[in-house]
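What follows are several structures.
Both complexes shown next keep chain A, but they swap its partner, so chain B is in the first and chain C is in the second.
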Partner chain A sequence: MQRIGVFVCHCGTNIAATVDVKKVAETLLQEPGVVYATDYQYMCSEAGQNMIKDAIKAQNLTGVVICSCSPRMHEATFRKAVAAVGMNPYMLEVANIREQCSWIHKNIEEATEKAIILGRAAVAKVHLNAPLIAGQTPVTKRALVIGGGIAGIQCALDIADAGYQVDIVEKEPTVGGKMTKIDKTFPTLDCSSCILTPKMVDVAQNENIKIYSYSEVESVKGFVGNFTVGIKRKARYVKEDICTGCGLCTEKCPQKKVPNDYNLGLDTKRAIYIPFAQAVPKVATIDADYCTMLKTGKCGVCSKICTAGAIDYTQQDEHLEEQYGAIVVATGYNPIKLDAFDEFAYSQSPDVVTSLEFERLMSASGPNGGHLVRPSDHKEPKTIVFVQCVGSRSTVECGKPYCSKICCMYTCKHAMLCREKYPDTEVYVFYIDVRTPGKNYDEFYRRAVEEYDVHYIKGMVGKVCPEGDKLKVQASDLLTNEQLHIDADMVVLAAAIEADKSARPLATLLTASMDTNDFFTEAHAKLRPVESPTAGVFLAGCAQGPKDIPETVTQAGACASKVIGLLAKDHLVGNPCVAHSDEMMCNGCSTCANVCPYGAITYETKDFSRRKDGTLMRRVASVNPAVCQGCGCCTVACPSGAMDLYGFSTKQIMSEVDAICK
Partner chain B sequence: MQEAMIARAKELLADGSVSRVMGWKKGEFSYDISPAVFENADQLVDFVYDDFCGANVSKYLINESKKEGKILAFLKPCDSYSFAQLLKEHRIDREKVYVIGIPSYGKADINKIRAKGIDGVLGIKSEGTDFIVDTIYGEEKIAKFEAMSERCLTCKSKKHVDVDEMMGEEGEWNAESKRFDKVAELEAMTPDERFEFWRGELSRCIRCNACRNVCPACTCVSCVFDNPNSDINNKAAASSFEENMFHIIRAFHVAGRCTDCGECSRVCPQNIPLHLLNRKFIKDINELYGQYQAGANADEKYPMVNFTFDDCEPGIVYKRGGNQ
Partner chain C sequence: MDNMEISKEIQRISGVNPRKCMRCGKCSGTCPAYDQMEYHPHQFVNLALSGKIDKLMESKSIYTCLSCFACVERCPRGVEPANIIEAVRLWKIRQQNQNHLVADQIPAMLDEEIPQQALVSAFRKYKK
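So, the complex of A and B:
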């Protein structure tokens, strides 16, 4: 028989106002095995913890039940406390009489009765508890960063700076992400490349950082501290270690009609290309969809031009496996496709562009060397209409319900830059609200309105009609209650941004959770904003939600510090509440392995021969305790009941249920 | 057919391809047929294959395939689904079994024959759409649709799943099968009516465990109902409602794995239509997760242990009125 002590917490008035804590303690003292019961104002305080410790010693307790807040809050605190006086921490149970009782009931009598029942269930469980000892697993001291935008770059640099190895897996031929496409950056208007390029160079040169560009994550096995990640290096048909990045091939390739995705399709590139001058790694890549040699076997110009001999038309995708202790998701965002927003004539006129395309049109490395002209006839636009919130804060199906957060600021930037460079242009901005919180952000916006005479109009554009060489814009001004008709030369749409399409399948590989908009969810929205609920997986940048560069960099740094905290440990203490299969009952049917989300279950064929029956070999399940997360899926799926969970055995749970139903 | 099967079995025994044969033999009465293992050619004198051979032999292959040497098994189409399902669950060593597929045109149900007042049955023959029943009082003719077992009348497939060799004609999947009609009838009842229906049926259960023991999906090394740690192992029921729980638990355990072979209903001494419980699950799985036939495909994960993004949301239960 256990000797159980019950400790009922008032939680100030959080519990005590609705639950008669004295009565709970008195009643539970009558339960079999309970030799001590008391109540106290704050059980988690030092005095409260000492009370528990003293009672364990004085009463020779073998088990403890705390009736308090959710175990998510303070189970660890209390476990530590009992362990300090020599009790196995798994001999303690927490009955949640706050979140699941006092907070949701008004009637004292009812709440008290429920608290007693919950306490009784915990006592019933403790009777069946057995000491458990957590195992330890070593930590692989290397981090993986998925996505090489500014978030991934900053995070990798910070981790590497602390002396740990970091690999970056980037699906594009170069790192840099969206920042490489942006011209100037708000609120200071410094050039995006100028601030990004040094960081890209740092990443390339850092001894601790390895870049897998043009690569994707294919598989993820293992668990915090011990991930095994399968990486696919897509064939670029150029030997990365030999190519010097001279770019001769990209000038001589006869296949010139390849849409240039760096310029968002606003101009063309060759079938062999280096995305832009500052690309990292600076090596050429062949676009297999367009290369004549790869498609027809005839051409081979680039291989003749390349004096280094880097071209290899026979290159295949390479698959490798690497070990990591921590994984950072920094897969960023993309502007949404605007095909469904027909009213803005995006697919009808080349002069209706997205804001990101506008960045390219303004950029010195863009299709026109930074001279702003209309894509249709290369004339300078005299009237430009900017439309904010295209697809953001939208209730229609093709849009996004959230605010994309950055559009107000970059539209303001665009408007200001137009007026600055081309003072004779009329610039209109249509907005629902202008949201500019942030250091120096509202000042930035006011400058656009007050100093640069940008026409900010509250209202939405109803329709854009291409007519002749004009874009007829119909809109309403909600403040003057007027219908407006503007003959514009260009229309710029601030398209909502969304998570990268590859994020959802990646989340599945990582067993990391996402919200309905495919942004990765954090372990706690306020208190653990850079960790995913999946241990060992961390979040940086727009993969977690829309944000601008300063915020991205801040988050990436925070994320790095969490990763460093993990990698600095030599061992991780495991969770002893793991599954185990009773091989005498196991059928080897694979049901459990099919449902295990962590791949913790493997099978062995074991000898069960008995002299009486001759040889008998049986396939049985075995759980890797280091991989098992104790989720319990297998225990309920197992038909024979061979699977059970330490600390949450079927018997323990049934005894709790029995105690509740008594 | 029987003679051809014996001849082929003898050949395979003689050339050493197999060392045992799994088939059927008569019990005390001609309709009292049970699965049997024949260790050599001489024993095959007792081998029978006729229209009473409804018993599904797949389950026996679990233990048989653990023994020395290869065994020859004759599988009817429905048996072959159970066989393939067991392969999927790693319960049978495929290498140790040589499978010959045999056609089945519907097996007779002795209860239905008796109900027609035919007694003293000595044997059975099939003749077109009739069974010719040999009795101590002479031959009797009975239309097949009146004497066939329910599962054969609603046969899902005359096509085999995984055989090494076919004897006789291979058939087709029967898309026209009316096997869910009775389930639909039950679904149309009010919850109270349905509860009464099942209480009426299940309250007759004597907990002989025959349904579990014959079921090729119930092959656990140690069944939960025999496991003292499971808290549900009591054989003597404290109330009749516990018997109902036995069937509900069993139905859940075989959900997604039951091939609808119909053995449970065949062996039940109380004639409880157990297959209706399983068919309800099969029908639901088909409707909620797309057509799925247990045993039809050895590699596919069954919907109950699989997750896809297209899976229905749990809220479907409420939409279907399951919260009443």
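So, the complex of A and C:
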């Protein structure tokens, strides 16, 4: 018979306001095997933990039940506490009387009754608990960073700096991400390329970092410390190790009409291209959709011109498999498509552009060398209207319900730069709210208004109609309560940003959770903001939610420190609550192996005759405890009841159910 | 009924929850009849919320609204300002009495030209 102690937490008023904690403790003391029960204001505090430790020693307890918050919150805390006085940590159970009881009930009597029932179930389970010893697994001391934007670059540099190897997988031909497309950065107005390209060079030159550009992750197996990742290296039809990046081919290629993604389609490139002069790796890539040689077999100009002999039209996609201990997700963002926003005439006029397109138009490396002209007639715009929150904070179908966070500041930057470079331009910014919570951010916004005389108007643009060479803008000014009609030369739309389309399938590969907006969720919104709930998966940059450059760099650094903390360990303590198969009951049907999401189950043929002749051979399931995550799918699927989980055995769960139904 | 109660009733009839409004003003930015109105679409929502619905009741704006539903179409929060005007118009009609449709009278009024939808909506409109 176990000697069980029950500890009921008040959690301040979180539990105590709705649950009669004293009554819970008193009632549970009557349960068989319970020899001690008490309540305390904060069980997780040092005093609370000492209370548990003292009781274990004084009462010779063999099992402990804590009635408190979710085990996700503090199970680890309490297990550590009991282990400190020599009790096996798996002899402790947590009854969740906060999230699943006090927070969702209003009636004290009902909530108290439910808390007692939940506590009783936990006591019933402890009766069947057995001490478990966690195994150890080695850690592969190498990290994978998925996405080579500023988040991925910073994170890789920081991990490499600590002496660990890092691979970056980037789907574009160059690392650098969105920041390469940005002209200036707020609030200091320093040049984006000037601060980014040195980091790109650092990444390329760091001997601990390997870049897989033009590549994608196609499979993920394994678990924290021991991931096996399949990487697809897309054929670029240029031998990466031979190409010198001289760029001669990109000048001679006769196919000139390829939309240039680097400039968001505002100009064209050749079918063989280097995205921009500072690309890393500086290697040419052939766009197979446009290359005449690849499509018709007739051309071969680039191959003839290349003195290094780097062109290889027969190149195929390569598939690699690599081992990693940790995976960082830094897949970034994209502006949303604006096709559904007819009112702003985005698809009707080339002079209605998104902010990122405007960024290219303003940039020295952009289609016009940084001279701001209208895409339609190449005249300098005299009146520019900026529209904020296009698709952000929108609960209708074509929009996003969240604030994209960066638009207020970059719009302010654009408006300020326009006024500075072209002082005779009238600049209007239509805003719903101006959100500038950041160091020197509000000062920056006020400078735009006060020093640069940008017209900030509280209201929204209702429609934009192209008429002649003008864009008729109709908008409301809520402060003066009038409708405005502005003849604009350009309209710039601050499009909402969304998670990259590659994020959702990647989350499936990683079994990492996402929110409804396809942003990766953190293990804890406040206390574990750079870790995914999936162990060994870490989050950096806009993959986790909209954020600006300073915030992304901060998060990438935090993420790197978590990765380093993991890679610094020689061994990881595993989870002992894993599946095991009763070989005498197993009939080798393979059902469990088919449902196992982790590939933890294999089959072996064993001799059950107990004789030397081996006459009774049977095929039985065998679980690799290092790979098993204890999800329990196999225990449910097994038709013969041979599969069971340590710590969550069928017997334990049934006894909990019995206790609840008593 | 006091103003606040009428406002609540207007919210009920129109199905509009004015608390969803984030005051961006896109409705008024898009309104083609803006200059003919004393109160503008964003104000409809605010008046319905703050219980000053009597101002809207007395205003000609409710008849200058074209019911073009541009504000409904463009609102990023799905607030539907034009539906408030529809509801206020209904409210006014209901105050005029004798507009109620009695079920027994319908057979005499039946006309093959009348769309069935009109009958159904008449019942819906005049049920109080």
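Everything below uses one rule, namely that the second predicted complex is superposed on the first by the 528 of 662 C-alpha atoms of A that agree within 3 Å, B and C clash if a C-alpha of one lies under 4 Å from a C-alpha of the other, contacts with A are read in each partner's own complex, and residues count from 1 in each chain.
Everything below uses one rule, namely that contacts are C-beta pairs under 8 Å (C-beta built on N, C-alpha and C of every residue); 3 or more make two chains touch, one makes a residue touch a chain.
Quick caveat, the model's predicted, so the values are computed rather than measured.
Peer 1: If you stack the two complexes on chain A, which partner ends up touching A:N587: first (chain B), second (chain C), both, or neither?
Peer 2: Touch status of A:N587: first partner only.
Peer 1: In the superposed arrangement, which partner chain does A:R447 touch: chain B (first), chain C (second), both, or neither?
Peer 2: neither
Peer 1: For A:K239 in the superposed arrangement: first (chain B), second (chain C), both or neither?
Peer 2: So A:K239 meets neither chain B nor chain C here.
Peer 1: Should A:I432 be classified as contacting the first partner (chain B), the second (chain C), both, or neither?
Peer 2: Only chain C is touched by A:I432; chain B is not.
Peer 1: Could you say whether A:G399 touches chain B, chain C, both of them, or neither, answering first, second, both or neither?
Peer 2: A:G399: touches chain C, not chain B.
Peer 1: May I ask you to decide whether A:H371 touches chain B, chain C, both, or neither, giving the answer as first, second, both or neither?
Peer 2: The answer is neither, since A:H371 touches no partner chain.
Peer 1: Tell me which partner A:K463 touches in the superposition: chain B (first), chain C (second), both or neither.
Peer 2: After superposing on A, A:K463 lies in contact with chain C but is clear of chain B.
Peer 1: One more residue to check, A:A637. First (chain B), second (chain C), both or neither?
Peer 2: first
Peer 1: Of all residues in chain C, which touch chain A in the complex?
Peer 2: Result: residues 20, 22-31, 34-35, 40, 42-43, 70, 74-78 of chain C touch chain A.
Peer 1: For chain B, which residues are in contact with chain A within the complex?
Peer 2: Touching chain A: residues 66, 89-91, 219-224, 227, 229-231, 253, 301, 304-306 of chain B.
Peer 1: Under the stated contact criterion, what part of chain A meets chain B in this complex?
Peer 2: 584-591, 594-595, 603, 616-619, 637, 639-642, 644, 650-651, 654
Peer 1: Which of the residues in chain A come into contact with chain C in the complex?
Peer 2: Counting only chain A, the residues touching chain C are 343, 389, 393-396, 399, 430, 432, 458-463, 474-478, 481, 483.
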